[in-house]
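All chains are identified by letter, namely A, B, C and D, in their written order; residue positions are counted from 1 within each chain.
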Amino acid sequence: MRTARYLCMKSIKEHCEMKSRLNVGVVGLGRLGRVYAADLAHRVPNANLVAVADKQEGLAETFAKEYGIPTWYRSHLDLVHDREIDAVAVITSTSTHQEVVIEAAKNGKAIFCEKPISTSLEGALEMLRIVEKARVFFQMGFQRRFDSGYVAAKKKIEDGVIGTPVLLTSTSRDPFPPPLEFCDPKVSGGLIADMGIHDFDVGRMFMGDVRSVYAVGGTLAYPEMKKVGDIDNAVVNIVFENDTLGAVHLSRNAIFGYDIRAEIWGTKGSLQIGYFRETPILVMTQAGITHDVVPHFMERFEKAYRVQIQNFVDNVLNGREPSITGADGVAAMRVSLAATKSYHENRPVLLKEI
Amino acid sequence: MRTARYLCMKSIKEHCEMKSRLNVGVVGLGRLGRVYAADLAHRVPNANLVAVADKQEGLAETFAKEYGIPTWYRSHLDLVHDREIDAVAVITSTSTHQEVVIEAAKNGKAIFCEKPISTSLEGALEMLRIVEKARVFFQMGFQRRFDSGYVAAKKKIEDGVIGTPVLLTSTSRDPFPPPLEFCDPKVSGGLIADMGIHDFDVGRMFMGDVRSVYAVGGTLAYPEMKKVGDIDNAVVNIVFENDTLGAVHLSRNAIFGYDIRAEIWGTKGSLQIGYFRETPILVMTQAGITHDVVPHFMERFEKAYRVQIQNFVDNVLNGREPSITGADGVAAMRVSLAATKSYHENRPVLLKEI
Amino acid sequence: MRTARYLCMKSIKEHCEMKSRLNVGVVGLGRLGRVYAADLAHRVPNANLVAVADKQEGLAETFAKEYGIPTWYRSHLDLVHDREIDAVAVITSTSTHQEVVIEAAKNGKAIFCEKPISTSLEGALEMLRIVEKARVFFQMGFQRRFDSGYVAAKKKIEDGVIGTPVLLTSTSRDPFPPPLEFCDPKVSGGLIADMGIHDFDVGRMFMGDVRSVYAVGGTLAYPEMKKVGDIDNAVVNIVFENDTLGAVHLSRNAIFGYDIRAEIWGTKGSLQIGYFRETPILVMTQAGITHDVVPHFMERFEKAYRVQIQNFVDNVLNGREPSITGADGVAAMRVSLAATKSYHENRPVLLKEI
Amino acid sequence: MRTARYLCMKSIKEHCEMKSRLNVGVVGLGRLGRVYAADLAHRVPNANLVAVADKQEGLAETFAKEYGIPTWYRSHLDLVHDREIDAVAVITSTSTHQEVVIEAAKNGKAIFCEKPISTSLEGALEMLRIVEKARVFFQMGFQRRFDSGYVAAKKKIEDGVIGTPVLLTSTSRDPFPPPLEFCDPKVSGGLIADMGIHDFDVGRMFMGDVRSVYAVGGTLAYPEMKKVGDIDNAVVNIVFENDTLGAVHLSRNAIFGYDIRAEIWGTKGSLQIGYFRETPILVMTQAGITHDVVPHFMERFEKAYRVQIQNFVDNVLNGREPSITGADGVAAMRVSLAATKSYHENRPVLLKEI
């Protein structure tokens, strides 16, 4: 599979050079969409958030008025046809990524697409074919790659601080499960795909492509999830193409807060990424010494989301390659699918089976 | 001494109500001034940064163009006469606070004044008299009061978690000294006043007014500072009016990074505020386990500065009392002066002597 | 399989009651044998270390003279025939456990047997049959069960602090590999058996019996280990009989020190066991903040070894059940064998296959 | 004042060489005396604990029988006259140190004397004159000097890791106050002397002799202590002879546990000594992340006490100088007296006044 490369259309590039700010539209104003939109409105100096769209009645209008955004749409199609717009951030539910991205590509927009790339591998590949044909810029969203801990770890490894990496662990634990209706694997892809895709991308970031996976899991903390057919805990073993090893831990019951970690073990040293504390205060009483915990992903990755969308804007304005390609999005998805298959079939699954 | 209270002039108040955004001008674009200005430009949604002023040739213009600010001045007087402006943030060198604040007050502006309030007690009191007479809003800047650690500690104490506070320690340690020319006590007030004023304000925040202080210090790490007559380390004992105790530690040689801490010891428990880590990564090699450190105040208090200026804007727009009054600024200054006097005379000094 | 129960022979029991101290002999004075022997000599008040034996010329004599132990033997058979001795601690190389334990049992000694129980499952079962027939006390050594962290975790779980445990991780990482000759899987059983048996026992301690395992591994850090056919890193997935999950991480390249951890995730909270710091000192320089690490197992588990052998002596003297039975030793071994088989056959292996 | 030097009497030295073990007697079987006695009985291989003495009816006998010690006395005089005994550990209440030490010296015993050296400066000096005249070995007990953290810090400083030390902080905080009857300053010397003497010794260990002190304090947490005239919190500023600075924090209300810390700030880096955790386990629930705390001095310094008494035995047996001299004991006492005087007179006090 080839990488969908960015080939900035001449007209847009010149446009960018002339005005030095990128006109961006955001499609999808769910929880995460609002974060990106607020960042683009207030915190990304070289972006103009010129329009927002959301299919929920009144949502785009309310948001636009609150943030002083001149234009709002209920339909994403209207937004991607807006000629004022250079770039589109696609933060809709995964099932609509394909439709929105394809339409944006056809209209020559630079595209930022939140993970996961699509609900089906075929959909993703079709989408990327059209993106490539349209020669538009396309960047995936995986915000951990922009978190200072992951960035520093990458740099340390490149500097040789830990020698050759031989084993990675990546952990994602949510403080509570999503609403039951979102747990239905037909909607979410299931725990392993829905949650693990971040960890599989982290694995690829540090260790390279995946050769095989084996997953075990269970519905152990929230019996009601059995009704919709999802599990709440899983452990996934990985063997990478270069023979190194990985282990991904996924859970919905990190009752105390949001637990995101990674460790990279090398021949000369190791790196640990992660932290728990939200507030720099210790409470010391007869009950012991206690500190609080970052409650959820927004508090943990607030800055990473901002840095990521800034990176997208900078890449487009400066004619650079995307930091995370469509191929990266597809590759992480294939690991998700393989791990899910492994869980269902209780056997190691080779990536080439997917 | 009475508190300079905010009595929002009718004209401004109506103005605010109509437009729901506060037009702010920033005077002084030094390192900290640029932080406040950038926050007001991009991160405080209900503020418009409409003008900046700095006496250094070209600085205000360059900054204004970079941030898209419509107006710039070289003279602060021109800025405070600008009728578009509702509020002025005074971030100039301390020696000019008096002149700028008085002129702003006379022009009916709401005023935010960075610590320390003034270089002399008389100057501060004169300034506050005029502010009070002009019935304008006046709020001091002490950003630690807006840091999540200090805020959480205040809340825990109010909730009774540690019983009655009996002892406070507050620590400020810089990773390196300021340039020699800024160390001259005639300019800076000396280490105890320049650096300790934050800790004295923290002391007042948690324990109340100060009765007496005793300070020891020395030029121990940087002998060259003796030339300008400053010290680089000091320890200040405090007895508060309610008989509780305090200890302030000041140093210019926290070689490893920026070290800001506070502890409050109560009859039922204790609180520790502070953290060192900049990046959530541990490096584990044969040299041991290592993590990095927040390098300096901007990284440590970036968010507190933003929350503080947001608080100022919200207070003005909503007709609220200032969160930190001019009287607070004067009180912290008097502790600084008493501690400096104690150091020079090598005896405990009562606050009422100042 | 039935548990080998302790049925204290009348003669020994009366003997104990009369003298209130247990006469112990230690067989095997390797690194760990010397630790147990020194503890029994100086730190277990109700034990008399009356004899030591080691097949290496002169070793037992030298040790005995240094510690003031009255009797020494080169042959373990001579020691187990010594009528002064009530109890024998078997710390020889695993391949001789069977012979020594059986001879000790036949001579009516109470027996402490260091893990792993044997080099073969058949050998272990045969040994336990004879132990049971001889009706002697038999206790396995798994020192983590006596470490304050694991003990506290067990207590917290019993107190309901974390609700129902659903997932366990257990980690063993050595700072360097053993000498190549000890890595030969024909001698050591291979990384998974040799190192992982502690983690498998920890798994059983917290989660119960194991249903199936899947292991991946590789020779990634020390290519020379390929010559002897061993691996240096492995990850083992576990599904317990009660459907809960486990993950065991094994490595020989924790270059920075000795890394032993466990986490237990429950429906109401989680527990983490582990620490790194050897000395309570932080070094803070421009290189960051650094602390040292417990270098290896002796420093980490010094106290646990002492508590464990004390527990053995107390159990024998007081006619109590063994804290860790032979059946526990066999069960951990079966998990090791299953995980090793899984690694070789690259498929999940059910415990009942072993 | 001259140092009381060890001049091993010929007869004892030869005795030691012949038998290679030191016969020790312990006078005083209070809480700490029992710790030293148990260490000497079981954990110091080159010591024989041959006798114990305590004036409380039956205490010495009970202890001796439990630990298998052949001889016990009610009167310390009988013990120091016992010709079997080479060395005496004096762990009695401070008010009897003088009498016991003098009698031991006259009988040619090597002496270990727990801090503080005496209840009066005159008493201490008189005692040391007799010790010196008797030419017996005399070593003070200050166990922090043998704690791995303080030892490592001393080594780091000698290795130049932090450049030149310029400021020391030393903290002692107890989890609860002693019984009221022990708080009477006429008995205990008061908080500053009773508790602070450890910190003053730590100050001398790292920074050298003290020039002046200033102390503030109060009865803030336990009003009932006012009845006996003691305070429960104090902060002591120190200026050392070499112009460097110190700060000592003393408190009886570290409600959460035992809080012993020191920090040494140098021109090239800093060191922090201290830890809180008793058990290597974190409890993570919705209340946050919690760990326990070392409850009191015995748990914190268990090993340091053992290392210290081992050091005493080794020094005597090998004819070495005492690790902590009588002069060290006197010097720490003089700082205590100066700081107490400073508190009462509310002024800085020079050591030469004492």
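Quick notes on this one:
Please note the rule applied: a residue touches a chain if its C-beta (ideal position, glycine included) is under 8 Å from a C-beta of that chain, and two chains touch if they have at least 3 such contacts.
Since the model is a prediction, treat every value here as computed from it, not as a measurement.
The most distant chain from chain B, with centres taken as the mean of CA atoms, is C. The greater number of contacting C-beta pairs, out of the two interfaces C-D and B-D, is seen for B-D.
Centre-to-centre spacing of chain C and chain D amounts to 39 Å, using the average Cα coordinate of each chain.
Each chain gets one centre point, the mean of its Cα atoms, and the points for chain A and chain D are 59 Å apart. Centre-to-centre separation of chain B and chain D, using mean CA positions: 44 Å. In chain A, 162, 254-256, 268-270, 283-286, 292 are the positions where the chain touches two or more neighbouring chains simultaneously. Of all residues in chain B, those touching chain C in their complex are 254-257, 276, 283-293.
Of all residues in chain C, only 42-43, 45, 67, 147-149, 152-153, 156, 161-162, 268-275, 277-286, 292 touch chain D in the complex they form. Those residues of chain A lying in contact with chain C across their complex are 162-164, 166-167, 169, 173, 214, 216-218, 220-221, 232-235, 237-239, 243-247, 249, 251, 253-256, 265-270, 346-348.
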